[in-house]
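Both of the next two complexes hold chain A, though its partner changes from chain B to chain C.
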Partner chain A sequence: MTRTRTVGGVRGERDRIYVPYLLPALLIYTVLFIAPSAVTIWYSFTRWEGLGTPARFTGLANYRAMLTNPVFLTAFRNTLILVVLGGVFVFALTFLTMIVVREMRGRAFVRSVLFVPSILSPIAIGTAVGFLLNPDGALNRLLSDVGLHTLTRGWLGPDLIFKCIIAAVVWTATGFYVAIMMSRVDAIPEELYESARLAGANRVEQFRYLTFPLSRDAFSTGAVLWVIGSVKTFEIVIAFTGTAGTPPVQARSAAVEQYLAVTGGISGTPQLGSAAAVGVVMFLLTAVLVVTLRRLLRSEVVEL
Partner chain B sequence: MSPVADKLATSGAPSGPAPVSAGARPARGRRPIDRLDTLLGGAVRAGLWLWVGMLVVLTLWVVVSSLKTTREIFADPFGLPKSPQWRNYSVAWSVSGFGRAAFSSVVVVAAAAVLTMVLATPASYVLARSDRRSASRVVTYFAVGMGIPAQALVVPFFLMSNDLSTFMTEWVTGWWDDRISLVLIYIVLSLPFTVYLLTMYFRSLPTEIEEAAAVDGAGPTRTFVQIMVPLARHGLVTALVLNTVALWNETLFVLVVVGDPQQRTLPATLLGLYESMQYTSNWGGLFAGIVILVMPMILLYLWAGRRIVQAMTQGALK
Partner chain C sequence: MHGRIRRRTPLTGVAIAAVAALGVTACGTKETGAEKATHPTITYWSSWISSEPQARIFSQAIADYEKATGVTVDVKWLGRDYPNQVKNAGAVGKAPDVYDDASDHIGDFRSHNLVADLSGVLTLPVPNEGDKVGDVMPSQALKASSDSTGLALIPYTVISSGIWFDAATHPEWAANPPATFDDLLATAEKLKAAGHAPFAQDGTVNGYNAYWIYWLLMRHGGPGTMAALGRSPAGWDDPAVLAAARDVERLVKAGLFEPDYMATKYPAAQNQWASRTEDMNINGTWLNSETSKYQASGFQAQMFLFPSVPGGKSSVEVGTLGWSLNPKSPNVSTAESFLAFMAQKKYMSQISTKALNIPSRSDVPAPTMLLAAQQAIVGATASQPTDDGASSLYSGWWNDVFLPLDDQLLSGKISAQQFVSMGKSQTASYH
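What follows is the complex of A and B.
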């Protein structure tokens, strides 16, 4: 008997725990995440008005209805606008911030404040901002007080509400993407910026030829995260309108529409089949957008 | 010369009108474009400070409003209260149910975050260390879950939690608490990201120490518990914090799964109070509720801000 073992023996021993260590997580994930996702696809082909009623197979009826029902179409259009237009704004602001924030005074403070909204509940943010934007709320009051009566609006009225929601999302979400990009930028050696300055490159040029190429991989990760996150936009909408029951149609995102279908909304009759179909379409939307982004942003990695 | 500096030099970044002679030229204000650049820099800096200012002012405004009477909130939305209404907090805590909800939030989030780690840590360890061909496929299989939106799971989770509640009440325990279903759902939702993140983290740790431990006679279980878990503590805390922040703010599944409003967590309780405002009109209490919901996250941020930012960005970039 000897107590010395070879490294190969160690690998063999470690292999013994492979299955018992992995199995619980793998089983739970498979049974409670992957299988239900697949079951959702099946439900999306049925008409089902809630517990206690039978689910009837109706083929593609839910999907066809989605294409013709103006309420669903508005919800999906809103989600798409939020993802694309909101994304353009978020990353435009992120890039502008990146141009100056590296060397401005108070940069640590600015960066840490911009990040705060990403850890706060969108319900809290939506409630506070929604209150400011009420017809007789604080913003309109402030505008009239400083003599800008003409700018007072029904911010939460049908025309403006979704624009306000996009603005609120951009305003609160951008700090997170600034942090992601800057964590890469922080790793760029200062000498590179020095030689760029010596060569006469101004700030925008430094961004274009140095900062951006060296943080490109963070940008493509950030863009994918934005898509995955923004397709699901839900909380801020219901908090903005203060009504989980029935936010106005113009303000609804796909996720809100799905929530109304599960809980029954005003009609009180759940539409589980169409709720499942909305979930499937949201998954497809995410997948298509992520794959497209990956294609668009694929590039050779720049080595330092 | 590094490839980047090379690229910088050859791509003609500073293509001014005069031929470039590095070092001889002042960095700024030579070309009109540089003056424009300085102007843009100033404008962006001003914009950034305005943005930061609005975030700070909004936060302070919520805190100040939480100490005002409803009349003051509407009569003078940006003024200070005559005398601070601490009552708003006691009313929100006991009458509007924020005390109960805070308890639900703490218990549900803590249970789900810890149990997620208990499941994900051993799995990630063996996935990171195994030579089996299946290991990398399993990692990809978990990663797929990160791209599936929670909305794809709303309907089955709604049905399953109903069935579970009925089954337990009628056959097993005689009672059920929807918050237990919520904990299960949170664990499931946190698993893909946590397993993926921790696998990457374990892979980044050196293997020599555990091999030395094994040669010294420690079995694989002991090596894992006594050596690898303490060694990986930084990554484990990162994952724990990320899941805690995400779950603390989660609202959709609380609304869908927990039927009894008295059992709901803080975000859903705030939403419920906001909806009832047209009947109760205790607006000071509503703002107190906002403060109760966000305060733990703000404190966490003040205490460990840099680590949270690091965790969230590096978690994303892994």
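What follows is the complex of A and C.
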């Protein structure tokens, strides 16, 4: 490896000339991101009820309360389940779609159709959930009509609601990751597939030995995006549980717990210090998961 | 539903709060250096949107006030996220002179130093009438509008809760509602035997599920029993708590709700009640106006009070919606005269006739469906705030301990005994 940078001398001066050009962006980044993040960390060590009230330093009290609160621990566990289990489903379906759709006619159309759930408003989903999943909703009626009465359930009850939420997250997210992965797959030269076919490779083998290795960098990017997005899961929970009450514990994510702290829940006073502590924990969780994922998926990029 | 925050829209709420935090400098009242005009302008931020009956009633009253006094009222119809906007504006010294408030929000606004003492308004005469403001407001409504510091809002609407039914289908309940909880269960079981689901329950709304245990706690132990549960584990040792939980257990075991009630997403159950699928729905005084579009032909919504229990306590629930004043306003005296003007019978009566709510004035009759509740409130000697104040006093405990536990009780997952023992231990852990 050749050392390309030198300290001092003409090269160093040339490097330093970029500093004034970089400064405005750095300044904006500091004001809009680094400073608010630092302030959030500070507030996580306080008891604060919002603008216009004093913030009292309470040390680690918010973190201790959070980590000994079984409800937060349930919400945290739900978030992890959503990230891991939801991620497995999302990418399994994405890979399956890649195998089936790659050679399909009209694949651009299929891709667009799969993408539609990603752009649906959570409010629309929330309304549809009522029509579909209420005890006398469309799903139970359909099951009864086709003789599957024994399969009807109270889908939105405390026992099943989180499973329904995971299914909905997978449904809304998969199209987005199919779009990312397929854009990479489109760049793989067709000759490689022709050679594979001549060598007797079936579709699954083509995926295993060609498509996946050659789109691995896109998968890595997609997986990181998934982790960042799913740790923040919030609006889909609200879409399922509604806004008339607080979501049942079984359905809460870390972001929902943060929201309840920000608003004070029903008739309560906001606890912004606690909310900041939840935010810090969510950030740390995201950072750990992303770094782990990047290490696991690290590979040489294949130049085509 | 208005007074309780059970129906806030979180996404818009968060967004509006953010926008308000950025935009407060564009509106509000200057608290320092305000020029004293001959006819000052006062600002009023409302929890209603302009298309709602209350906004139409208040708009007319404001126009009359401006004409009568020369004072200009700069009103903003903000909708339900108004608390965030008022608090954010208050933080930068731009809070309005007058804003809508609710009895369960007093503590929140008080912690932001946004609540002026309104006892002086009670001594002002109501314009065009002989009485003073304090003479026409029932004592229980004023009690609900106060905290330990003093009177925080001048109420225009009283909120309560009870059991709603259709008086066209059940005229017998209009005249003689079930007097005891035993009577209520017996009545419901007769309906069940006839093939009905007696009670509609939007079981995904944990706050609505809590109505049962809340009312039974009030009947067995009286006001304060529920708040005591959040205050310390010792509150759970009160025998009234187990008695109330046992009554909830009886209700659940009797199977008197619609099928899969715990999985029914709001507002499906209350709309089913309005279409006569079920006979009764425990809910707030706002239920009639909320379900009016879905009520079957000839439906006559009416509410009876939660029945008594043998040897139990008698009290009424009183929550209020009203107006608060910003203590830092340079126009406090003008704003006080504005509140006295708004308390006139001709405006308050429209709270009953147009908004279909219970007006705060005891001399203005409530709509027929809420007359029983109003009469009980006016004549009551004991009252409690909504949820006995537990949801606002101990909001974290309420969301993380009480409501999840109550959902388990109402769904039949735990017994009354388990409810009490788990409640006590979880409350101890929470504190």
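By definition in this document, the second predicted complex is superposed on the first by the 262 of 304 C-alpha atoms of A that agree within 3 Å, B and C clash if a C-alpha of one lies under 4 Å from a C-alpha of the other, contacts with A are read in each partner's own complex, and residues count from 1 in each chain.
In this text, a residue touches a chain if its C-beta (ideal position, glycine included) is under 8 Å from a C-beta of that chain, and two chains touch if they have at least 3 such contacts.
None of the values given here were measured: they were computed from a predicted structure.
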First, second, both or neither for A:Y209, with chain B first and chain C second: first
First (chain B), second (chain C), both or neither touched by A:R184: first
Partner chain in contact with A:R294 - chain B first, chain C second, else both or neither: neither
Which superposed partner A:S112 touches (first chain B, second chain C, both, neither): first
Which of chain B and chain C A:E235 touches, first, second, both or neither: both
Contacts of A:G52 with chain B and chain C, given as first, second, both or neither: second
Chain B versus chain C as contact partner of A:V262, first or second or both or neither: both
Superposed model, chain A: greater residue contact from chain B or chain C: B
Which superposed partner A:V71 touches (first chain B, second chain C, both, neither): second
First, second, both or neither for A:G154, with chain B first and chain C second: second
Interface residues of chain A shared between complexes with chain B and chain C: 51, 122-123, 129, 136, 235, 238, 242-245, 259, 262-263
Residues of chain B touching chain A in the complex: 2-5, 7-9, 11, 13-14, 16, 20, 22-23, 25, 27-28, 30, 33-34, 37-38, 40-41, 44-45, 47-49, 51-52, 54-56, 58-59, 61-62, 74, 77-78, 119-120, 122-123, 125-127, 129-132, 135, 138, 142, 144-160, 162, 184, 187-189, 191-192, 195, 210-211, 214-215, 217, 219-221, 223-224, 245, 248-249, 251-252, 255-256, 266-268, 270-271, 274-275, 277, 283, 286-287, 290, 293-294, 297-298, 300-301, 305-306, 308-310, 312-314, 316-317
Chain A - residues contacting chain B, complex: 3-5, 7, 9-11, 13-18, 21-22, 24-26, 28-29, 32-34, 36-37, 39-40, 43, 51, 96-97, 99-101, 104, 109-110, 112-124, 127-129, 131-132, 136-138, 141-142, 171, 176, 179-180, 183-184, 192, 195-205, 208-210, 213-214, 217-218, 221-222, 225, 228, 231-232, 234-235, 238-239, 242-245, 254-255, 258-259, 262-263, 272, 275-276, 278-280, 282-283, 286-287, 290, 302-304
Chain C residues touching chain A - in the complex, by the definition given at the top: 1, 4-11, 13-14, 21, 87-88, 90-92, 104-105, 107-108, 111-114, 202-208, 258-268, 386-387, 391-392, 395-396, 398-401, 403-404, 407, 411, 426, 429-430
Complex contact set, residues of chain A against chain C: 49-53, 68-72, 122-123, 129-130, 133-136, 153-158, 160-161, 235, 238, 241-246, 248-249, 259-260, 262-271, 274
